[in-house]
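Labels run A, B, C, D, E and F following the written order; every chain starts at residue 1.
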Amino acid sequence: MLYQLPYGDIERFMEEDVPYGDMTTSLLGIGSQKGEIVFTSRDSTVLCCTEEAAKVFEQCGATVTCCLESGLKVEAGVTILAASGAAGSLHAGWKVALNLLEYASGIATRTRTIITLARKINPDITVLTTRKSFPGTKKVALKAIMAGGALPHRTGLSDSILVFKQHTAFMDGLEPFLGTVAMLKAKAPEHKIIVEAESAEEALKITAADVDVIQIDKLSPDELFILVKQIRQVNPKVKISAAGGINAENTAAYAATGVDILVLSSVYFGKPADIGVSLHP
Amino acid sequence: MLYQLPYGDIERFMEEDVPYGDMTTSLLGIGSQKGEIVFTSRDSTVLCCTEEAAKVFEQCGATVTCCLESGLKVEAGVTILAASGAAGSLHAGWKVALNLLEYASGIATRTRTIITLARKINPDITVLTTRKSFPGTKKVALKAIMAGGALPHRTGLSDSILVFKQHTAFMDGLEPFLGTVAMLKAKAPEHKIIVEAESAEEALKITAADVDVIQIDKLSPDELFILVKQIRQVNPKVKISAAGGINAENTAAYAATGVDILVLSSVYFGKPADIGVSLHP
Amino acid sequence: MLYQLPYGDIERFMEEDVPYGDMTTSLLGIGSQKGEIVFTSRDSTVLCCTEEAAKVFEQCGATVTCCLESGLKVEAGVTILAASGAAGSLHAGWKVALNLLEYASGIATRTRTIITLARKINPDITVLTTRKSFPGTKKVALKAIMAGGALPHRTGLSDSILVFKQHTAFMDGLEPFLGTVAMLKAKAPEHKIIVEAESAEEALKITAADVDVIQIDKLSPDELFILVKQIRQVNPKVKISAAGGINAENTAAYAATGVDILVLSSVYFGKPADIGVSLHP
Amino acid sequence: MLYQLPYGDIERFMEEDVPYGDMTTSLLGIGSQKGEIVFTSRDSTVLCCTEEAAKVFEQCGATVTCCLESGLKVEAGVTILAASGAAGSLHAGWKVALNLLEYASGIATRTRTIITLARKINPDITVLTTRKSFPGTKKVALKAIMAGGALPHRTGLSDSILVFKQHTAFMDGLEPFLGTVAMLKAKAPEHKIIVEAESAEEALKITAADVDVIQIDKLSPDELFILVKQIRQVNPKVKISAAGGINAENTAAYAATGVDILVLSSVYFGKPADIGVSLHP
Amino acid sequence: MLYQLPYGDIERFMEEDVPYGDMTTSLLGIGSQKGEIVFTSRDSTVLCCTEEAAKVFEQCGATVTCCLESGLKVEAGVTILAASGAAGSLHAGWKVALNLLEYASGIATRTRTIITLARKINPDITVLTTRKSFPGTKKVALKAIMAGGALPHRTGLSDSILVFKQHTAFMDGLEPFLGTVAMLKAKAPEHKIIVEAESAEEALKITAADVDVIQIDKLSPDELFILVKQIRQVNPKVKISAAGGINAENTAAYAATGVDILVLSSVYFGKPADIGVSLHP
Amino acid sequence: MLYQLPYGDIERFMEEDVPYGDMTTSLLGIGSQKGEIVFTSRDSTVLCCTEEAAKVFEQCGATVTCCLESGLKVEAGVTILAASGAAGSLHAGWKVALNLLEYASGIATRTRTIITLARKINPDITVLTTRKSFPGTKKVALKAIMAGGALPHRTGLSDSILVFKQHTAFMDGLEPFLGTVAMLKAKAPEHKIIVEAESAEEALKITAADVDVIQIDKLSPDELFILVKQIRQVNPKVKISAAGGINAENTAAYAATGVDILVLSSVYFGKPADIGVSLHP
């Protein structure tokens, strides 16, 4: 069971698209006729934001007659959402609901695809997503990656510790920072210490310090394969994550490197899912 | 000169990512050191939301020292935004600013690319974008397509008339609707009457009625090429727009069909622009 | 069927008037008694925001037992809205609901009156309203003018093209601007080009350019009558709109000038409709 | 010194009118030229919301060069606000600022007029305004009546005690309620007990109870003149207020009745002030 | 019957605590199981915000099966709120609902305790609360003190007149101010004039002026006892309030001084009420 | 360097207290006089929200002349914030700023006190705070505990894993849950697994499973002392935290038990800091 967006967000989405009603429907004088709207998958799709799309129609005064659950994978041709009511209500909600469904399901489907690819190679691998969602869309984006089966590796800057080169630059570099890891662990005993490495050399230095997770940025799968072995020898308990440019094309290769975690942003963008709409009396 | 997003939106973007400050910077105790952040294009990029990214750093208490204008096209290696201030301020704003820049500039760059491709074929063609932006991003998305050189074909449902099959379904079909066009024009004399056709046959019927714009959905360039000629013979003044699946790959082909307008959604999604960041003391 | 305001707006209206409950009802200790509230027209009235007034009572915990539709014209003495529930709920909602009804129905009624006056003279004339509504009231104001039978001539600056002297001042005046009309039409083929004239002389120059609509500001009906004839001779297809100071007193005179469109702001202000309230056990 | 509206409200007003920039200015390509905007009174006007109109231009990126203070009365022809900057900034702010100025100054001017008329007859009379402002405009409306010299008689339901027939209906009528006045005073010793009478008979009953203020609704000035004398004989210390339909036409007559207070709503609506705008390079 | 907080506030409380769902419940995979949550008083408690806690569960998709009314006093062991639904819904709402109940009921209970203590000594005494609630909590805090039986002595700065030394400092001190009281009363005939004294000497000067209420700050009960007698001799009609450091420990002593009103802030802070929760299948 | 609250929150705090200006200052006619406001510590105080209090005065139009940093500990008698400007500005901001300072500094001071007490006993102990802050105050509350030297143990439900009895109840109890810990660790390799025990017996079972942190609720210090030793023998690497009723009185006793972490809510409530204000011409 995934979380649902608050009504305030639903209203904000609607005000973006239909602040003063649908001019076309209104001029045509068809608003009060009764009709039905049906959303159908056109491809194999992992659904997301069906609940929110349903709320769009409720807010418009229509009655939702079918609503599959976010997270469900459907094949092409399945009715995923339907509502009935006045044509004016259905037209007002149509594209807001469709956009929500298509963008969110696109993210969910890409996420599921990548997880499936990765787990074929390594059934225990974990897929996490970064903070790089489109500004203003975090509630939709995180619901979608969870619907797809991933987890956010952090909800933002305030909840976790991830040390980048951009931090250590203020500490005279990586090595002085590594000297403070024990202190950091004492200060934040409920959080894991995650440190990003931008090269094999850095990664091995970080391994020697007792961090919880090494995040390795932008190494090729081949380089990473070798490095993972080296890290495991030095510190068999550290978790290793690969980040930087991971997508459906190279997921299998990265999964085969032996890392514990894939961290990626690519699922957040790309083509929305393709969902058909029938709106008729 | 493009519009700027209100401060309320900037604060909302920041609260998504950094509601209670940057835990890492805070634990490392580096927040008060002075530093600089510099954003640099890594590819040929049409910039967008540099002004908003600058506001992010101002809200964080940093000083913006360089900010190129939205809409400018830069080649790789150009400094597009820079700010200096406390490391805590720079870290708090870093990814919010970067995400804004990368998503918005991605849209702007894709838009500019398509316009350039289309105008090589037909220098007078107009490129417009649909309502299908990611829910919650309309202010960023429309700024970005304008930075790229396009215009929204409508800001939403409330400002324009675009008749779909889903409307005429409530009027016993296309033909009865076409009988009302004159009345519609009288009711809305300051708006153009735009009607979507889903086939050549429908398009010719619509042409016979005196509408302002025919939007033709999902015909192949070849079919469209023939149809445009037929339409021009019947009604040389109607504007013809092509919609449905237009993207960088097929833009030239669609531009060659002789239509006046390309209407597309594809610029809204796709890979964010790639922008490098240097953050250091 | 007109659009309905979002719940967020209803809550904002209530917080303006009753942020911490009704002190009087609370001190009198009558809040839990059951009662009924009935709103009755005192004059011939075009209703508006009955749906929103109903939502006010729902938010207060009362049950709506009668609610006529926005846009309906009623004579004096008709029950337009009724609710029953706890006296505390009814008192909390009373004036918020009444104010909404009276201001919105005042605008709707003035709009309908003007349309009726204008159409007696010219049955095909269109009545449009300007952007000059009270800041913060656009959603109520546009619903009300639509309930009265008008349309907004633009929802704001972002959706349409209306060229004022204040624009051409930056182009070395009207004539240089008129030289760019063809280019403007090519850039925005889905929008009409509307240009405001402040004199007959300007109007004739604009007519000679191929604009879609000439908006003529503040000419007297007599001057306008002559000008309209002159314009029609030069360009029989251009739409002509009259703007500036049009109200119920001079509507008939302006309608008799032969213009296609009346553009006015006067309906937005003036006396709220007079609606009686009975609130009792 | 009057209060100023928060920036959040200014942004909300702007988003109503110019959510995605000014399409006309943008298409004409004049946005970056430098210009000036000057607002000038066209009539004798009590200014209001000049500070907020100034903030509109600041938010648009223009520089305010003149801003007279809210509450000041100016004759025709006075520059009340001026700003300079990019044409795009000035066009974006023009109508939002003008609407704010005209609606608020209209209220302020009507308020000042009524106060002046009333005080000619009775220099000690107080003018208060009701809660009947347009929903969504309370911050503007109360600033405006204060700029005019009045005070709100209550900011809403939560801050004061005003007993209507609609309350006493739940207490078996006026007389049982009057039996509880002493208790009410004890419960709320920092608030005045104000009771509305709808007839002379009711007013005299209320006078006999020891309330602080009697508000007399909708009596004619002649009836009220007699009644005020009767009330003063019974209870020389009670404050008497007249309410219901008081406006500029009948203010003098009501002021001559001897009441202490005029309570009115009429200033909230009516024609906005007429303010001229010059916008040029 | 007390007021209820708007849904917008409920959503804001939830977004503070559970913006992207409950990670624990989600990882454990228990979200869809059916369960029940029951809140039980652990001490004698005056309830507050049960209605809002119920709304929390409704927003989460659970069904409220029991909800006692705000303002009710219950002994230990009473079920005050219960809901059933999916474990995911119950876990999402649990702590938001509990925090609301505990903070609000803590305030309500402390308020009731103080009122009871004060009325044992002086059955006619009034207890009012200041503006010193935690920023951002006014709607909860005022509901809670009303649930406890008190009233706010002002909802904020905009609704009442309370003159502090910090005001008279701008009038050359207390005495020049006292010379303006008559004028102040004429300007604001519907409001009481309340003036704070910081010493017996000041209080007697204020008594001599004809103010409505003297608020005496931070005198000891013994000093105040003497002062109240002196004030009553000079002006038997003025209301006297004691303010400054009044809490459950010294309430009885202050009530015994003979003042009419106790004004206090202490109820706003202190330990939340202790409410037990059972959440199970 | 701590985070600062967004301007939107500052405006919301001000609208709570001073929505339509300060009636008293306005009626006294002193608003335009120049004055100064100075805030001074009356006790040893750890400051918090000085930056936000400064923003309050900036929003009111005053100039901040002194502002010590949040997190600084000052003794009694230190000027912590000062502003100068119009009396109307200073009065509008006075209590909003003071309330922010006093509530936030109260939390910060209590937090620092507890940390100091705990570290005297165990210099390496960590103090974390729960989610139990007053609904609507999280941004102030978390800033304050950080100013005091603590960290939040979670920002909410969405960022961390903390398993309560209320979760395991849906898994047939603690033991079946403990069987899933390895799987849970694999699913969330970047998060620690924290499990709450309500008895020594439960704690030892949890210790046997390989969790990261055991949170032990409501054991007495004596019981806990024994239990910690037992846990360390079984699993020397697990972190142990004590929760439930920890406050300044018992902190030393709990610190002496040997736990690694104290988790507490008590700092969120209690008396606000005492800060003196001088406001004068």
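One rule holds for everything that comes next: contacts are C-beta pairs under 8 Å (C-beta built on N, C-alpha and C of every residue); 3 or more make two chains touch, one makes a residue touch a chain.
Owing to the predicted nature of the structure, the values given are computational and were not obtained by experimental measurement.
Looking at subunit C and subunit F, the chains that touch each of them are A, B, D, E. Among the remaining chains, those touching subunit A as well as subunit B are C, F.
More than half of the contact pairs at A-B come back, by residue number, in C-D, the repeat among C-D, A-F or D-E. Two copies of one chain, subunit A and subunit F, form a contact in which over half of the residue numbers belong to both partners.
Our note on geometry: subunit A versus subunit D, Cα centroid distance of 51 Å, whole angstroms. Per-chain Cα centroids separate subunit A from subunit E by 43 Å. Counting only residues that touch two or more partner chains, subunit A has 7-8, 18-23, 27, 92, 138, 151, 155, 158-160, 187-188, 191. Under the stated contact rule, the graph of chain-to-chain touches falls outside the line, ring, star and complete shapes.
Chain pairs that touch one another are A-B, A-C, A-E, A-F, B-C, B-D, B-F, C-D, C-E, D-E, D-F, E-F. Per the touch definition, subunit F reaches subunit E in the complex via residues 9, 12-13, 16-25, 27-28, 30, 33, 35, 87, 91-92, 94-96, 99-100, 102-103, 106, 131-138, 140, 156-163, 166-167, 169-171, 177, 180, 184, 187-188, 191, 269-272, 277, 279-281. Only residues 7-8, 11, 14-15, 18-23, 26-27, 31-32, 59, 61, 86, 88-89, 92 of subunit C touch subunit E when the two sit together in their complex.
Those residues of subunit E that touch subunit C in the shared complex are 1-4, 6-8, 138-139, 142-143, 146, 151-152, 155. Subunit A contributes residues 124, 126, 128, 151, 153-155, 158-160, 186-192, 194, 212-213, 239, 241, 260-261 to its touches with subunit F in the complex.
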